[in-house]
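Note that the chains are named A, B, C and D in the order they appear, and that numbering of residues resets to 1 at the start of each chain.
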């Protein structure tokens, strides 16, 4: 790769090595290990260049851009409905959640509000994409620490959620279902009951994985005390979502900063936090969120209002000039869109504040002084999606 | 040359017979293990079907694999040490074949009846370390090097509990000869009751568990598979191998699993002997191998069940288990066994 | 949160919304930033924008940090130049059927909320997770000196964001420890997020377009032979 | 190449060798973007279970792979790595390009950083269209590739046109 000259990289790493929290008294010849860009541990195409002393990491630097597709530029040359199609593919594991905040930002500029039924369905689909996303993260964590089986269970039970998403939106995981002012369609017949059955299955998966994986002594030995994020450090890096809640920060954009257009305030639910801040805490909180998500969906389905799913909006969408920032609590963390409009068919500027970008920014700090296997554990527990980093 | 099956066979005939037998004894279990465990049991654990298309229930899948690997290009990395790189898989496989030598399959069905059989087995099992180190070093890849070094550290650390666990059996049987260990179990009795003989798993249960754990580590199976950790080191020392040479490693891995399980079966489960039958009868020369295979499957099932369900330890945790837990416990086991041996 | 409750829930735009929390925050920021404060925009019940002087950009970060805005959300830049390619940058127009009008009057540059005088503007957003407050900070960059101080000492998370800005807009981040390209290959030319950076695929092969009829620029000979 | 050079072999032997390659496709998962998830579903989900067909998704190293599924957006920064990976694989090797992005750039056709089609970098045997294709589509691509391998003459590799899933439908 031509991206970085090795000497440049080494100089930077050795600079960082000075303050690394490792014992550098014994002078041994270091080794630079290059994980990626395609490596089983990096969820795709993240590349980690780690300078090692034995098996201990002196300094590690993630290198990304292998999945950079230029979303912010492309969004400037597409109309608003076209942007929705595009941004589906940012966090490709939980697609619907990507749409929500952009649509809400556009709605805010246009000063329209979706009808209550659409808001409910939006919230349900948002939670479903969270479940589809996080389940996979949990299964993948198993693979990262060497247990092959959980990922198969994750893929098996994820299908239940994908089936329901497909039944209502027509797409397994790029729904493109959200519209400015509401939703494309109403729910199909029988969907509510099927979804409730699926949620039962998901809760079964949670129980199974909690016993099989989280209760395993080796899993705990591998994850407890590994990669601790102190709350204040995490916040200054912009770490959000589960990763910061696992450090004891009780802050959830769904509860504390919920934008208009979602229905999280209509039901009772709990924000799960964990005081430890290590890899185990992050994975534990993820599992609890999946379970909580199933309850949120159940409750929302119970009092689903009737009515239209689309507000009155013009056929050709021109968003009035202005600036708006809307953030939602996405599966990976806080995702926000800063939309600048000049009153055209297409946005003037879309700044995508994606969760993983900030979550992974803390990796160089976290990876100093750990062992090579812990790189994988920590990255796995931070749980990022490359599209969400590189955009 | 001693007779096999009490039939007089000329020397050259015996050589051929033994060669075929040795290959079958090492590769047969390997093939069975790959099919039954890697394809079918793993798929069952993961609620899948496994290979189904090649042959009925995918039973010919293995032949397809072997045939495929023979057709693959044999790649040498540019900076590899070619001779060492080429030899490494054979060294690993050699260790397996040397192991098979001392395994008794029946009262007369054996390849070599060494008086120091178990000692020999434990010694040659370490040869594979050299092969793995060769592979790791010669590949000129950092992943391979890390994998090779991890493997060396791991195999050396677990050699000790392995040997110490066997010591208990040796003390109880009073011999290093594997054949005599089987006979000792066949003729032994527990508190005067000889109907079951005395499979050492009953009296040496601690030793059996330690042996099993150490064996898992020697075989670099999860949860001790750091040398080949797929999610960290890609496949460790095998990273740069392709085609036939990879096949040799692959076969070596499973053949060693089979042979080690056979040794475990011999040491702790009574080898080829079945309770209730006369251990001297010629019948055991016929059914002995099958009995041993059956007992081997008991051990391998345990090994592979752990493999498919457990996460992987970290390298330092692995060393900690060996030095802080397994070795002290096995030493205590030897002391207790020695005392009891004197008492009874 | 608290600020939301201060807003009267109403759909009538004529009613002047009162946002006490943000008013107080704005007052506090104005005193804290002192000379660095340039302009602000408060959208009651919604959001707060504050524009600071370029030289006060780094001070603003530490000020905000001391005021409890411990959570770093994002940092980026905007290029306010109207696209010189006009509407051909929107996919609604087919260049072959509807060639762009070169004589069209260039649009006037117009900045967004909280104003702005120059082409490039930095903006960043920080949150206070304890109280739920959030503020967007902007700073104009003079056209002849596209450089700004780094936020890394205050918000270490700004590291990658600043690299992204430097790469995408060609803005120099003074004091950045690792000013390499973040996303693009090392030999990439240009700063793609600038408005005058053309997307080649749109200029040469307009969508849906007729693929491979026009030769790529620079290899006319190859195009004619094949 | 291994035992089989490009020389002529008796027909039954060729058939046997082809059959063994057909049923033992170790696949290297080059998961790049969204399609990687559908590829993962095809390989790891019990509902699709590609192992039935003899496709083994184990190898983490390209050296042991027979086939690579390039699923997702190929960027200019990634392109050299893909080329290198392809060269690291031992012959005979097959490439499946999965999804619109890998086929032609997909929704990023006008992006400044995306390679418009992986076939500019490596030769592709099977194109699986879709954004993303369903796992069933990938399975069909694999089955069609297996049919081709069954009738393959080693001397004439690359002679045929690439397979496009769903083209004749």
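FYI, contacts are C-beta pairs under 8 Å (C-beta built on N, C-alpha and C of every residue); 3 or more make two chains touch, one makes a residue touch a chain.
If you're wondering where the values come from, they're calculated on a predicted model, not measured in any experiment.
J.: So which chains count as neighbours of both chain A and chain D?
T.: Touching chain A as well as chain D, we find B, C.
J.: Decide which interface, B-D or C-D, involves more C-beta pairs in contact, and give its chain pair.
T.: Contact tally favours B-D.
J.: Using Cα averages as centroids, what's the distance between chain C and chain D in whole Å?
T.: 41
J.: Averaged over CA atoms, how far is the centre of chain B from the centre of chain D? Could you give it in whole Å?
T.: 36
J.: Just curious, how far off is chain C from chain A if you go by their C-alpha centres, in Å?
T.: Inter-chain centre distance comes to 23 Å.
J.: Nearest whole angstrom, what separates the Cα centre of chain A from the Cα centre of chain B?
T.: That pair's centroid distance is 44 Å.
J.: Residues of chain C that contact two or more other chains, please.
T.: Expected reply: 183-185, 192, 197, 199, 202.
J.: Multi-chain contacts in chain D: which residues touch at least two other chains?
T.: 46, 60, 77, 110-113 - these are the residues of chain D that touch more than one other chain.
J.: So which stretches of chain A touch two or more other chains?
T.: Each of 1-3, 40, 65, 68, 70, 73-74, 77, 152, 156 in chain A touches at least two other chains.
J.: Which of the residues in chain D come into contact with chain C in the complex?
T.: Touching chain C: residues 76-77, 109-113, 116 of chain D.
J.: Would you mind writing out the residues of chain A in touch with chain B in their complex?
T.: Against chain B, chain A makes touches at 31, 33-34, 39-41, 55, 142-149, 152-153, 156, 212-213, 216, 218-219, 221-222, 371-376.
J.: Residues of chain A touching chain D in their complex?
T.: 1-3, 37-38, 40, 44-45, 65-70, 73-74, 77, 85-86, 89, 92-93, 95, 136, 151-152, 155-156, 158-159, 172-174, 386-387
J.: Would you tell me which residues of chain C are touching chain D in their complex?
T.: 183-185, 188, 192, 197, 199-202, 207
J.: Any idea which chain D residues touch chain A in the complex?
T.: Those in contact with chain A are residues 30-34, 36-38, 40-41, 44-47, 60, 72-73, 75, 77-78, 80-81, 85, 107-108, 110-114, 131-132, 134.
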